[in-house]
Each structure stands twice: as C-alpha cells, then as structure tokens.
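Next come the structures, one after another.
After this come two complexes, each holding subunit A, first together with subunit B and then together with subunit C.
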Partner chain A sequence: MSWTRRYGALIRNAWLIDLQYRASIVLWMLWGVTEPTIALGIWWAIAGDGRIGGYARADFARYFFAVMLVNQLTIAWDSWYLDRWIREGELNFRLARPLHPAHEAVADNIAYKARTASVILVVWLIAAAAWPAVRLPLAPGRWAVTAVAVLLAAAMRFFISFTTGLLAFWTTRATAIMELHAGVSLFLAGRIAPLSLLPPAVAGVAGVLWFRYMLAFPVELLTGAVYGSDAVLRGLAGQIVWLGVWIAAYRVVWTRGIRKYGAVGG
Partner chain B sequence: MNPMRMLAAFWRLNLAEELQYRANFVASVLGTVFYMATALLTLALFFRHTTALGGWDYWEIVVLLGVFNALTGVIEAVLRPGIGQLAGEVRSGELDLVLVKPVDPQAFVSFRRLDIWRFADVVLGLALAAYALHRLHRVPSLAQVATFGLTLAAAAVVVYAIWVALMSLAFWFVSVENIAVLFDAVYEGARYPVSAYPGALRFLFVYLIPIAWTTTIPASALTGRLRPGSALLAAVVAGVVFALARVLWRTALKRYTGASG
Partner chain C sequence: MAPVVTAERLTKTFRVKVRDPGMKGAVQALVRPRNRDVQAVRDVTFAIEPGEIVAFLGPNGAGKTTTLKMLTGLLYPTSGRAEVAGFTPWTGGPECKRRLALVLGNRQQLVWDLPPEETFLLNRAIYDIGEAEYRERLAELVGLLELTEVLEKPVRQLSLGERMKCELAASLLHRPPLLFLDEPTLGLDVTAQEAIRRFLIQYRDRHGATVLLTSHYMQDVTALASRVLMINRGRLLYDGALGALVARITRMKRIELVLGGGDGGRVDAETLAAFGEVKSFRFPNAVLEVPRDEAPATSARILAALPVADLSIEDPPIEEVIRRAFAQGLEEEGT
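And then the complex of A and B:
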C-alpha cells in the first residue's frame, strides 16, 4: 500500500475521532489561548506608552498572537498518549500492525493541528479586521520561510514528546518529565515573553539548546523580529541540528525500550 | 443515616488507600515547589521591566501567589477528585450509584473523595504568603488575619460554586468530559491582581467570570489594602453564588435519566 493511501486513511480516521470530541478540543484550545492572552495583558500594562526591549504594545500584541498560532501548530501531546499506551498495554495491538505506531501519532497531530490552528487563524483574521495592532504586513516570502520553520519546529516537538513518552518503559513519571520540560520552555521557548526580554545569559542558553527553535524562532520569523538571510539561515540550521539530535535520541530510546517491553511479556 | 458519618467512612477508606502510595506525597510536593518556582520566576521577569503591576509591588504579588497556591490546594485536594468525575459519570450512567445512596447527592458528589497529599499545597501556599509578608515587614493585625480567613473561605465557596456550575453543564452537553479544563484555563487569570489587567481582560476576569476576585480580595486583606466593607460584601457574594449553584444543580439533576431509563 502506498504511503499516501496509508496516511490518507490514518488522517481521516484521526479527523473523525476528533470530530466526536469537538467540544473537548475547543476546551483544550482555550487552554492554549489563555496563557498568551494573560501574558499579553500583563506586558501590555507594563509597556504603557513606551517600549521594553524594543517591544511596544502593538509589538507585544503581534508577538502573542503569533505565539498562539505557532504553539497550536507545533504542540505535541504524544508523551501523554504514549505513557497511556505503554502503561495500559494499548501499545500491544499497535505493535502488531504492519505500520510503526509513530505514523498513527503523526497522523493524529496533522488532523488535530489542521482543525485547531485553522480556528485560531480565523480568530486572528477577525481580530486583525477590528484591531490594527495585530495586523502583519503582507510578506509572502517571509510567510513561506515561517512555514518551513514551523514544520521543523513541529517535527522537533513531536520527537521530544514522543521520546519523553517512551520513558514510560522505565518510569511511571514520564508525563512529569514532560511537565518539567514544559515549565522550562515557558521561559526558554518564549511562551511568557519574547526572548529579548529575558536576562541575556538565559536567552543565550535558550539559543544554544533546542528551546528557541521550538517556538520563539518561528514566531519571530512571522512577526519580522528575525530578518536578514544570515539570521534566518542560522536559525534554520539550529532547528535542523536539534531535530537531528532528537531523532537520534528517539531511535536509541525506541530500540532499547521495545527490547525491554518485550522482555516483560516474554 | 448521618451523612457526616457516611462521608467520614469514605474519607477513612480514602486515607488508607492513599497511605499506600507515600511516594506520591514527595512527587506532589516537588511538583508544587517547581510550579511555585516558575510562578516566582515569571513574576521576577515582569519586575525586571517594571516596579509595580497594577499598583502592587513584587512581594505583595507574592502574597497573592501564596493565596493562589493555597486555593489551588483546596481545588486539587477536594474538588477535582470528587466533583471533577461527575461529567464522566453523567455520560456513563454511573451517577445512578450516587443517587441511590441515602444522602444529599450534591454534598456527596462534592466531598466523596480527597486527594490528601495536595493539602500540602495549602500549607506551602500559606507559608509563601507568610514569607512575603515578612519581606514586606508587615505583621497583619488579628482583625486582618480574621478578615483574611473570612475572605479566603468566601473565595473557596465561590470556586466551589463555579465547579458545581461547570459540572452541571455536563447534564446538557454530555460530550464535554474534560470540562474542568475550562476552569483551569480561566483560573490562570487569578495569578495576578485584578488591577494589573488592561480594560478588556479585566472586564472578562472580574465581571464575566468573577475568578480574579478569589485571590485578589484575600491577598488584599493580608496586605492591608482591603476596606472592611469589602470583606462583608465578599461573604454575601459567596452566599448568593452558592445558592445559585445549588439551584442550577437541582435543575440539572432533573435532566438526568440514568443508565436504565
């Protein structure tokens, strides 16, 4: 069977499952929207009529609208699913299929993100119609580069989440590790503030590790805070390097984990 | 049968069960400490760029964060484990098992299960508030502590009423099993004083979903910002909200048809 047909079937399946839980998905989305909204509210109050770290009120508004959209497009819940699959044995029948379980997870992500991100996009468009501060200048070239960066970030966050979820082979606290990662990324990925507002040393750490490439880099591409072919290429290179590292980590953890998992049943 | 005796029996069983998993206590405390640390760091980040938020300085907001954590402890220890399951039970029909018991279903559903380890959050939160008061060189008077106690209790009642209202929605919209997420999302707004928010958000958190008051008012009582009349008003509001939630619960329960009907 061809990969297009396989993925077509998987995505349609995931889409239909999500369709049953429309209300739940709206609730989850709301959760992703409140955090940036509150952060925007506080920065809006702090900025007043001036600028902080180069950001005036309108810049904050654009930044956090971009955070909402990019975060929704790149977020991955897979560690929670994998934790359950492994603990409750739901991984077994997935292993018996002639298809690696990761493909089902990827299809889930595509269906979920297509649905939720398009809602956020519509909300943003409506907001932009009424509120000039959140309008982006028309720049198709920049949007195309952003799309590539978002794709890389989504792939990286998928592998981070999937690999962390696989730790459930060894520990019952895999989701706690993921929560820890989420807590750190609150600052280092730019969820609570643009990285330029962090203490320079902390922002430096975010750029050396993978955190900036998860969210802040594509967001700043979209808002135009990162520009010039040099900075853009360096950012994309950072994304590719860290994506490679996380794919390697996934391969190691998957191979060892499956060996251990088999040993329990056998 | 005395409903208190029945609940006490449930809690005893609950306690025996939880005591088997003592490692959860350590995990729960570590989780709370980490969560408090991120909240303090977030605040420190805001205060790198300002000296006051909505007229509150750093340590005053830390008092508020302490109150927020204490209230979170009440939610996690009492509300989420008990009433949080309601939506699932409405969907599956398991609520039958509650309705046949000879007690008031609302009281039973609300307090049947305690996650005792999360009560540590209440202690940690109050400790954080006390430490922040110490840094402010403020020793609240006995009257202020009493006002704090009253307003915190009122806040707990308001939060409880919001949970009852949200969970009652499950009787109409059966598919929303994780409706508690809605609460979590909005409750985030209570981490900062009401006055810190710009107009539109303040309208949302203060008047549409009156969640922000639950932390701002008790924290104001501790830092001496609260006028005595406001404490009484908070108590009255809590009473009214509780009564409304009770009415909504009764109306909702009439819609329940059970697993067999």
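And then the complex of A and C:
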C-alpha cells in the first residue's frame, strides 16, 4: 500500500522534526490552552452563581474544555506554510515530486493534531477526575457523531487555510487575510463565547456562513447543547455543504495559481 | 534515437509590478498599479538526445533557470511546447515526475533538522521504491558520493558540499533517466566541485542518464558538457559543441612561451610584439595572441628567432571567450 507508506513516512518526518524542538511544542500547547482558559475565566466571573443565556459556571467550564480539544483537533496552520513555500520558492522541489504538495500538508496536520490533542485529552482527563463540572456523560453515540463532525470541521478548516495560503500566488498578504479570518472566527466560530450568547443577528451570520461549522457545532455536539436528530443532521449537512464549497474554491485557486506561479529563487 | 527532451518556441513572459522610488511612487503604485511584461524566455527551440550532458550558459537573468523550470513542470510557459520523456512536463503529472530529478543549487529538499537519511526514507516512500532496490541504490550513491560519514549527522551540521552531495543522492534514489541541475556546484570549494562533476559523469555512464545543467563555473561546462546552449536575454544564441563555439567566437589563438637559453634576458616586449599582441610578459613567461590560422606559422618563426624553452598553442581562457560572446551579442543565424 503505497499511500499508507507515503503518509506513514510523512507523519514520521513531521514527528521527528517536532522532537527536535521540545520547547516549541510546549509553547504551542500553552497557546492552545491559554485562550479558552482566559475566556472561561471571564465567563466564570461574569456568571457568578447565576446563569447567562442558559449557561451556569459548570456549563461554561465544559464548553471551554470542549473548545480546547476540538480547536486543537481542527485547527490548520497551512496558510502560513504555503505562504512561505510560495514566496520563498520552497514549493519548487515539492512540485517536482510525484506527490501533490497538499498530501504533505495533510500529513503534517495529522501529526500535529495527534500530538497536541492527545496531550489536551490527558489534561482534560486529569481535570475531570478532580473537577466534576468538566466531566462529560458517557454517551458513545454522541461521541461518535462528534467524531464525524470534528473530522468534517478539520477537513473544512484545512481547505480554508490551504486555499487562503494559495493566495500567495497573487499577493504577499495571504497570511494577513488568514489573520483576519482568525479574528472573525474568534467570535463567529465560538472561540470566545458560546454562539447562543451572541446577539441573534451575529449568531445567525455564523450559522449561515461556515464559521459555526468550523468549531462551535462539534463543540455543542460534544457538550450536548445540540441534540435531537433534526438539529444534528442539519448541522452535519451545513458542514458538508461548506466543506464542498471550500474544496471547490481550493480547486479553482490551485489550478489558476499554479499557472501564475513564478517559481522564485533557484 | 528520438530526443528525450524537446522544446519548441518555448516562451515565458512574467508580469512584474513597477513603481517609482520614494513615497510618491509607493502611493502611485497603490492607487494605480503599473505592470511591465518581462520576457524571460523567448522562442527557445532545441532537442536533447538520450545520454547527452548539455549545459546552459548565460549570465544571471538570461533565462536558463526559467527554461529548466518549464522543462520540469514547475512553470507553465506563456507559449510554445515541450516534451520531456514523452510527457508535456506541466501537465504530465506523477508519471512524468517519476522520470526526472530536479536539483536546485540554492533551494534544497533535505529536511534541515534531521539526518539526510530521513529525507532518503521519505523519498523512498514518495517514489514507491522497494526495500531491496532502495538498499542497493543507496549503497551505490553512498559509495560514489562518499557519504558514509555524513548519513547520520543532522543536515544543518553538514558543509555546503556535503549537503549538495546528499541532495543529489536524495534526488537520484528513484533512478530517474533525466537530471535537471540548476547550479549544482554553486558556492562549493574546488574539491567538492570536482567530486560532483566526477559523480555526474559516473552516474551518466552507469545508467545512461541525460543531464541538463546550468552553471556559472566554466569548469563544470568544460568537464561535463559535450554540448552547450548559450542563452542571453531569453534568446538561444548558440547550440552546439563548446569547441566549435570557441572557434567561432575567437579568431585568435594564444601562444604561451617560456623563454630560456643564454640570451633569454635580451628578449623584450618590443621584440615579442613583432610576432603578435603581447597579452602578458614577465620574464621568462610570455603570452602572445595571434590570428588562429597563423598560429602554426608564427610559432615556427618564434622558435627560429627566439631562445625558447617551451611553447604551447592554446585557446584563450573559456571565461574570456564566453564574456566576449555575450559582449558581442553573438546571434545564431539558422545553423
């Protein structure tokens, strides 16, 4: 099986490189934990002993632990890599190989996610042992649906990041566009607050566009905020539609960009 | 034999943004961006037979690397066509890429933080090379390139020469019949340059590979290439043997003398100037330049008239020939 071997070798390489930089692993982990912890701290203080938009302190805790995990499982850094590959000519040798550069990016994502998410999972398990508020009910069905939603979200965020990175074929500001997207998703994807706490118009936009399906929907599935086959199927359908849209966008941008490519440097 | 690489009227035009210097220029570029078309390669046509080693010659920005990148499918041409190992390179896909290797002197595929062997293993998987073949090919490349000592050191600790050798090994594990090398000896010391040249010839002889390379070092060209493609400002100026190019550009030969004998000290520059143009004179060595077809006769006259310990007839240094060729803007008119 040459594809298993190829992916095996790519993932192995990604891990070997990671192991060279233990400090950076710790920094990335801290980054992944800090943002949801700060958001949780704020909502914890605001909620006090009451409820905000149906969320008590324990609900916020569960929500942001789920955000921490799902975000690490779905985040994609590819636009930064692609921007460098294109602007500095590192795409050249990748184009000369009989392997589409996207495969290396996918393998890097798998390697990164397996590494960071497994640590966060351990952190969560330790927290849950000591703190009942962040425990999740044992519900294999829900976990399975969540796994599918996480996979779809990861695929979609990969194509968003990869496609945005490809804009470096035309502009030197591809990463700035990705930063803008990250800024918007802070609110619209549910990273800073559950979507139900946003003004209805804003939450509506998040649900019509792809933002909710990037993060908030799988998080809500995991915490049980979304339930019932109707709501679950609607959410999954939204994910599939937007994944399709981003794959189509990727194809258009790749085919046009590669013709535009200047292959800078040697 | 059918050619393994053909280029027909290959043309690449880049659109580049232009702006005037200073704040005013920056604002103008923002409000009304201006573009200029730069023709990097114009109507380049040639064909390369299997087993040939061909060198691209030309100053920086001549279009050598752009041509190489089109032939390896990295760049789409603006017009014209090319065929490489039976494929159109930019649409040939994986099957085409398996048949070629691209080595870029200043952009490397070796994973910086890991020993080179990890890149080799990665390429084994990417090119789908069987275990036994991999072992055999790696042993051959390690032997020819003398890599035993460096396989386990992280790439960042290797010297430039060691890195280039590993780069070649990584690019040749799938044993491609076609090698495209862009400045493979760039920045290397003389020993490393020679090792690379020796290896390329051995590899060609063993596997019948076709090699197309660009280089700034004339030694690369004289040692390796049976044929040169001279390119300047995107145009192909000359396609043929190096010797024929030299004969064509320079109508002169150099007579190098070592004066000797008892009266040697009495020979002065003025005496020498009677035989030809004195390029240098520092007793007992002298270099004269004379018209090509008169070289034998002049040599005979020098031997008869002067106390000569040694005399040889040479072509002018190849660097000078090439410099002169580009300065004269040699145009190839329908060979």
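The rule is short, and it goes like this: the second predicted complex is superposed on the first by the 260 of 266 C-alpha atoms of A that agree within 3 Å, B and C clash if a C-alpha of one lies under 4 Å from a C-alpha of the other, contacts with A are read in each partner's own complex, and residues count from 1 in each chain.
Operating definition for what follows: contacts are C-beta pairs under 8 Å (C-beta built on N, C-alpha and C of every residue); 3 or more make two chains touch, one makes a residue touch a chain.
Please read these numbers as outputs of a predicted model, since none were measured by experiment.
K.L.:
Among the partners subunit B and subunit C, which is in contact with a greater number of residues of subunit A?
P.N.:
Answer, by number of touched residues of subunit A: B.
K.L.:
Regarding the shared-chain residue A:28, is it in contact with subunit B (first), subunit C (second), both, or neither?
P.N.:
Only subunit B is touched by A:28; subunit C is not.
K.L.:
Check whether A:192 is in contact with subunit B, with subunit C, with both or with neither, and answer first, second, both or neither.
P.N.:
So A:192 only meets subunit B here.
K.L.:
Just subunit B (first), just subunit C (second), both, or neither: which does A:53 touch?
P.N.:
In the superposition, A:53 contacts subunit B only.
K.L.:
Go through the superposed model and pick first if A:20 touches only subunit B, second if only subunit C, both, or neither.
P.N.:
both
K.L.:
Applying the touch criterion given at the start, work out whether A:38 contacts subunit B, subunit C, both or neither, answering first, second, both or neither.
P.N.:
first
K.L.:
Following superposition on chain A, which residues of subunit A contact subunit B and also contact subunit C?
P.N.:
Residues common to the subunit A contacts of subunit C and of subunit B are 20-21, listed in rising order.
K.L.:
Taking the touch rule as given, give the residues of subunit C at its contact with subunit A in the complex, in rising order.
P.N.:
Listed in rising order, the residues are 14, 65-66, 69, 72-76, 93-95, 97-98, 100-102, 104-109, 111, 113-114, 118, 121-128, 182-183, 186.
K.L.:
Name, in rising order, each residue of subunit A that touches subunit C in their complex.
P.N.:
2, 5-6, 8-10, 13, 16-17, 20-21, 89-90, 92-93, 95-99, 258-259, 261-263, 265-266
K.L.:
Mind listing the subunit A positions that touch subunit B in their complex?
P.N.:
20-24, 27-28, 30-31, 33-35, 37-38, 41-46, 52-53, 173, 176, 179-180, 183, 186-187, 192-193, 197-199
K.L.:
Which bits of subunit B are touching subunit A when the two form their complex?
P.N.:
For subunit B paired with subunit A, touching residues are 27, 31, 34-35, 38, 41-42, 45-46, 48-50, 53-54, 173, 175-179, 181-182, 184-186, 188-189, 191-192, 196-198, 201.
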